[in-house]
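Structures are listed in the sections that come next.
You will see chain A twice below: alongside chain B first, and alongside chain C after that.
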Partner chain A sequence: MPIAKVNGVEIEFEPGMTVLQVAELAGEEIPRFCYHERLSIAGNCRMCLVEVKPGPPKPQASCALPAADKQEIFTNTPMVKKAREGVMEFLLINHPLDCPICDQGGECDLQDEAMGYGRDDSRYVENKRAVEEKFMGPLIKTTMTRCIQCTRCVRFATEIAGVSDLGLIGRGEDAEITTYLEQAVASELSGNLADICPVGALTHKPWAFNYRPWELKKTESVDVMDALGSAIRVDARGPEVMRILPRVNEAINEEWLADKSRYAVDGLMRQRLDRPYVRVGGKLVEATWAQAFAAVAGKIKATAPDRIGVIAGDLSAAEEMKAALDLFTALGVKSIDCRQDGSALHPKWGRESYLFNSTIQGIEDADAIMLIGTNPRIEAPLVNARIRKRWIRGDVLVGVVGEQADLTFPYTYLGAGVDSLKRFVDHGPIQKEKPIFILGAGAFARPDGAAILAMAAEAAGSMGLVKDGWNGFNVLHTAASRVGGLDMGFVPAEGGKTALQMVEKGGADVLFLLGADEIDLGQTDAFVIYMGSHGDAGAHRADVVLPGAAYTEKPGLYVNTEGRTQMAERAIFPKGEAKEDWTILRALSDELGARLPYDTIEQLRDKLITDHPTFGQIDYAPGHASAAAFDLMAVGEKGETTDAPFVSPVKDFYLTNPIARASRTMAECSSLHAGASKMAAE
Partner chain B sequence: MSVRRLAKIQPESFAFSEETRATADWWISKYPEGRLASAVIPILWLAQKQEGWVSEPAIRAVAELLGMPVIRVFEVATFYTMFMLEPVGTKALIQVCGTTPCRLRGAGDIMEVCKTKIGLKDHLSADGNFTWQEVECLGACANAPMAQINDYYFEDLTADSMAQIIDDFAAGKTPKPGSYAGRHSSEPEGGPLTLTDPALYDGSLAKPVILPNQPAPEPVEGGAA
Partner chain C sequence: MFIKRIFTWWNGATFGALLTIAQRGRYVGEDDFGSKYYEAKTIRDGDAGRRRRWVIYKGYAEPSKVPAEWHGWLHHTFVEPPTVAPLKVRAFETEHLPNLTGTRFAWRPRGSLTRGGHRPAATGDYEAWKPE
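And then the complex of A and B:
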């Protein structure tokens, strides 16, 4: 490997690295604005100047200069310092001095670098330029006078998000960042624009003027808005979550975050269930915990176990599902289900049958991708971004069976439904090293889901998706709780009913909903007990409401679609009289005379891990580890299928769960998006 | 130069004429499949030739024709000042050079004439016939002061000749481009002072030149060596 000297220290580097990367490798920090390691190189801010020998006797932009063998790089000479000070002075010529009212203040790259390279005064006496504000949608606030034209946002939108909406118009002093005719940015990843903006030109509109970064308590946690479990940081002030930002997790979200995960936070303060309610005379009336428990215990004790149903929702942590599972199994209840969407996935066919086995990072190794009954752009935007990343690198086949949606990359459309999938059942091995299927809820969450699952598995077997060192059979879930539920066997016992059967008329006499809001409760005539955080569909129909905690208010284990167990932390306390959900079940178990054998969350987790060891493997995704033992032929149940096309269950990206539905920001995005797609259809 | 914006009043639609479309196809055929965006500048120019200026529907039409995001076409159209984003005079677009040599030779007077006869710089005249602009060096310094009117250079202008040209355009005539001081091109005023020997031009003074790599000349029958 070539060797360069950075400030006199020799360092080995990979061929093809830039001078900036080599200097970073040697531990030298290079200031930069336009350079971003996940975007293409622009080289237009000139802040990363260094001195390089051999070379012309002038400072060079290190981000765009390839490092060479025996090169000498200097990052701390007087020439470098002077050159950077000159660049900084130019950048600040037109930059307003409004740090005190700027939302980026305190976490601004320009502010930070100005501490090192800025002058204490200005020599510029001419007029500063002013730029008209731009409209970029309900999520991105613009103050374009602050823009330093680094074009990171343009490159992010074009390269990562795959929507060529942003551009740099005009030139020279009049250059401006804008969208065409000031349309909103049509991306599910638009919040990242504000993250990558090194100054305060693009900031988060929903949180404008609400906080200063240094007054927030930061808690590292896990996102539950989709099934990816993106790494997030919850920033709270007092009892309120002010914002959610992504953390770097190369395996899942890199450093991006979908808009719903980021901006649904205002939903955490609205529509909250902060005390128990009991329905009296057709109306929900405020009650004490004792009254609520009495109502619940009385009803459950008076009902035969086979007339009781338990349904877990999309946002439940593993702890409360385990507590509910233990409690109701002990009571003899068999109708227990975590699949409120009616999906056919079942743990009896092996863990691999419902995991994203190639892993999300593995998408980058795949050379043939078939999306079946899924629209990853709205079901899991970051999976879509990964597929796009893979597509940009080239030499990959992408096919779609299902909805013909704009996925931000071109693909071969293979058909709408079962018939198109059937053609691949006896396809034979394909001439690709690492092919993958991505199977979405549109395929398996329907009455003939088990048969489709069997068909997809058979096609996967025929095409050679599963082999030594590679497992390309992927299931993309839409709910954060689903894999955890399947892992612990939160499915109907022998003779039990599925979630959809339970909510039929006469399906059950008592329904216990663990935050289940995405299931149609219009038919059921059961006594409904709803435990959850938000007054949504479930609470609306409930006879007793037990206020629980939202995901930011409780520690919890979540298993993402890859089978990766991750631990979320509590950032703030539950609202009002609400309690962490597992403690409610623990207290209820006393009332029911079936005391759960754990008093602390550690004991509960011990029990969970003892019963289901996969929950102990924090941050581990099995991937292809068990590919050899995975029998594709055993997956699903062969049977009749209908020719209905595959339709993604996610109708509206912005409103998939009770928290998002309570959020005004998400409502605004949703109506804007609906208007835009209506216009596009006309 | 100032901030360039799309005109406030835009036409309903834009359609390539048959002729423009044919030329556009000729340009497009120069670039390989998937690289059509390379043709964006010539196609925008064709659109401008057709309408006189680049309207918002035209930008969209170009984007659609080349299969590129409309913001990318917008970037190009706003970057290059030769793309007119506002309607210009139907009879003449007068671009007066205002860079140093022209300025020293009286470009100020030319602009004054434009201002009195047409109106404000960068504004469409009241009758819609004329627009005049001040532009940077057009590369005809030897014939300063000069202006580009529509597609041609009008050189060695004076206030009087400029006024006459504007009047001619207004009257629907097509004034002759080139020098208005009687010059053929950029030779000195009053005719050439050097290289006046006619023998220079009839070949009689030419010496046979032997280029280093020239192959030996084929003997020509009856010809002089």
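And then the complex of A and C:
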């Protein structure tokens, strides 16, 4: 490997690295504004100047200069310092002095670097330039006068998000970033624009002027808005979550975050269930916990176990599902289901049959991708970004069976439904090293889902997706709780009913919902007990409401679509009289005379891990580890299929769960995007 | 009553104060509430180079009872006492209102729950769900 000297210290580096990367490798920090690890190199801010020997006797932009063998790099000479001070002075000529009212204040790259390289006064006496504001939708607030033309946002929009809405026009002093059509940035990842902006030109509109970064208590947690379990940091002030930012997790979200995960936080402060309610004479009235428990216990004791149904929702943590499972199994209840979307996935076909086996990072290795009944752009925007990242590198086949949607990258459209999938059942081995299927809920969350699953598995077997060291059979879930539920067997026991059968008319006499709001409760005539954090469809129909905690208000284990168990932490406390969900079930178990054997969350987790060891493997995704033992032929149940096309169950990206539906920001985004797509259609 | 005079300072002047004033003081005047004002005859070390001035309240010792003209004299804002140089009475001057803190007429700020007001929105406020 080539060797360079950084400030006199020799360091080995990979061929192809830039001078900036080599200096970082040697532990030298290089100031930069335009350079970003995950974007292409622009080299236009000139802040990363260093001195290089051999070479011309002038400072060089290290981000765009390939490092060479036997090169000498100096990052702290007087020449470098002077050059950087010069660059900083030019940047500050037109940068307004509004740090005290700027939302970036305190976490601004320009502010930080000015401490090291800024002059204490200005030699510039002319007027500063002013730039017109741009409209970038309800999420991104612009103050374009602050822009230093690093073009990170332009590169992010074209490379990662795949929407070419942003661009740089003009030259010299007239250069400015603009949205070509003055319309909302049509991406589900637009919030990242504000993250990558090194100055305060792009900030978060919903949170404008609400906080200073140093006031916030930071809690590292896990996102539940989709099934990916992106790494997030919950920033709270007192009892309110002020914002959610991504953390770096190379395996899942790199350093990006989808808009819903980020901006639905105002939903945590609206429509909250903060006290128990009991329906008296057809109306819900406020009650104490004792009254609510008496109503629930009386009803459950008076009902035969086979007439009781339990449904877990999309945002439930593993702890409360485990507590509910233990409690109701002890009572003899068989109708227990975590698949409120009616999907056919079942743990009896092996864990691999419902996991994203190639892992999300594995998408980057794949060389043939087939999307079946899924629109990853709205079901899991970060999976879509990964596929796009793979597509940009080239030499990959992407095919779609299902909806013909704009996925930000071109693909081969193979058909709409079962008939198109059937063609692949006896396709024969594909001439690719690492092919993958991505199966979405559009394919398996329907009455003939088990048959389609069998067909897809057969096609996967025929095409050679599963082999030694590679498992390309992927299931993309839409709910954060689903894999956890399937892992612990939160599915109907022998003779039990599925979620959709339970909510039919006469399907059950008592329904216990753990935050299940996405299931149609219009037909059921059961006594409905709803436990959850938000007043949504479930609470409206409920006869007893038990207020629980939202995902920022309780510690919990979530298993993402890869089968990766992750631990979420509590950032704030539940609202009002609400309690952490598993404690409600623990208290209820006393009333029902079937006391659960755990008093602390540690004991509960011990029980969970003893019963289901996969929950003990925090941050571990099995991937292809068990590919050899995975029998594709056993997946699903062969049967009749209908020729209805595959349709993604996610109708509106911004309104998929109770928290997002309570959020004003999400409502605004939803109406704006509905209007935009209508305009595009006309 | 006598015991209160020994052990409290707010039911008339303490005996120590009375003794000091009797030894060192010269009577200056009396205000509308009946409080009496005194000035030291001599300047001692520690008096900041000026004659000490005292008030002995009639009844309950309440500093807000001192009228503006006597307050100015007491704090050495005015050289002459109001008995010698009375202040002009202005049209905006109002009757003395005793300190109401601790009574039910005490001042409550806007938004105070006892005043039944609306508190301005603050961090952590949430909208609770209401059925129907």
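Going forward, the second predicted complex is superposed on the first by the 682 of 682 C-alpha atoms of A that agree within 3 Å, B and C clash if a C-alpha of one lies under 4 Å from a C-alpha of the other, contacts with A are read in each partner's own complex, and residues count from 1 in each chain.
Note that a contact is a pair of C-beta atoms (placed from the backbone, for glycine too) under 8 Å apart; a residue touches a chain by one contact, two chains touch by 3 or more.
Since the model is a prediction, treat every value here as computed from it, not as a measurement.
Asker: When the two structures are overlaid on chain A, which partner does A:180 contact: first (chain B), second (chain C), both, or neither?
Answerer: In the superposition, A:180 contacts chain B only.
Asker: Between chain B (first) and chain C (second), which, if any, makes contact with A:534: first, second, both or neither?
Answerer: A:534 sits against chain C, while chain B stays out of touch.
Asker: So, A:167: does it touch chain B (first), chain C (second), both, or neither?
Answerer: first
Asker: Which chain, chain B or chain C, ends up touching more residues of chain A in the combined arrangement?
Answerer: Comparing chain B with chain C, the partner touching more chain A residues is C.
Asker: Would you sort A:238 into first (chain B), second (chain C), both or neither based on which partner it touches?
Answerer: Only chain C is touched by A:238; chain B is not.
Asker: Considering only touches as defined above, state whether A:667 meets chain B (first), chain C (second), both or neither.
Answerer: In the superposition, A:667 touches no partner, neither chain B nor chain C.
Asker: Have a look at where A:144 lands relative to chain B and chain C in the superposition and call it first, second, both or neither.
Answerer: After superposing on A, A:144 lies clear of both chain B and chain C.
Asker: Considering the complex alone, what residue numbers of chain C touch chain A?
Answerer: Residues of chain C touching chain A: 123-132.
Asker: Show me the residue ranges of chain B that touch chain A in the complex, using the header's touch definition.
Answerer: Contacts found on chain B: 1-4, 6, 56, 69-72, 74-75, 78-79.
Asker: Given the complex with chain B, which residues does chain A contribute to the contact?
Answerer: Chain A residues touching chain B: 164-172, 174, 176, 179-181.
Asker: For a test of understanding, state which residues of chain A touch chain C in their complex under the given definition.
Answerer: 237-240, 242, 268-275, 277, 283-284, 534-535, 539-540, 545, 575-576
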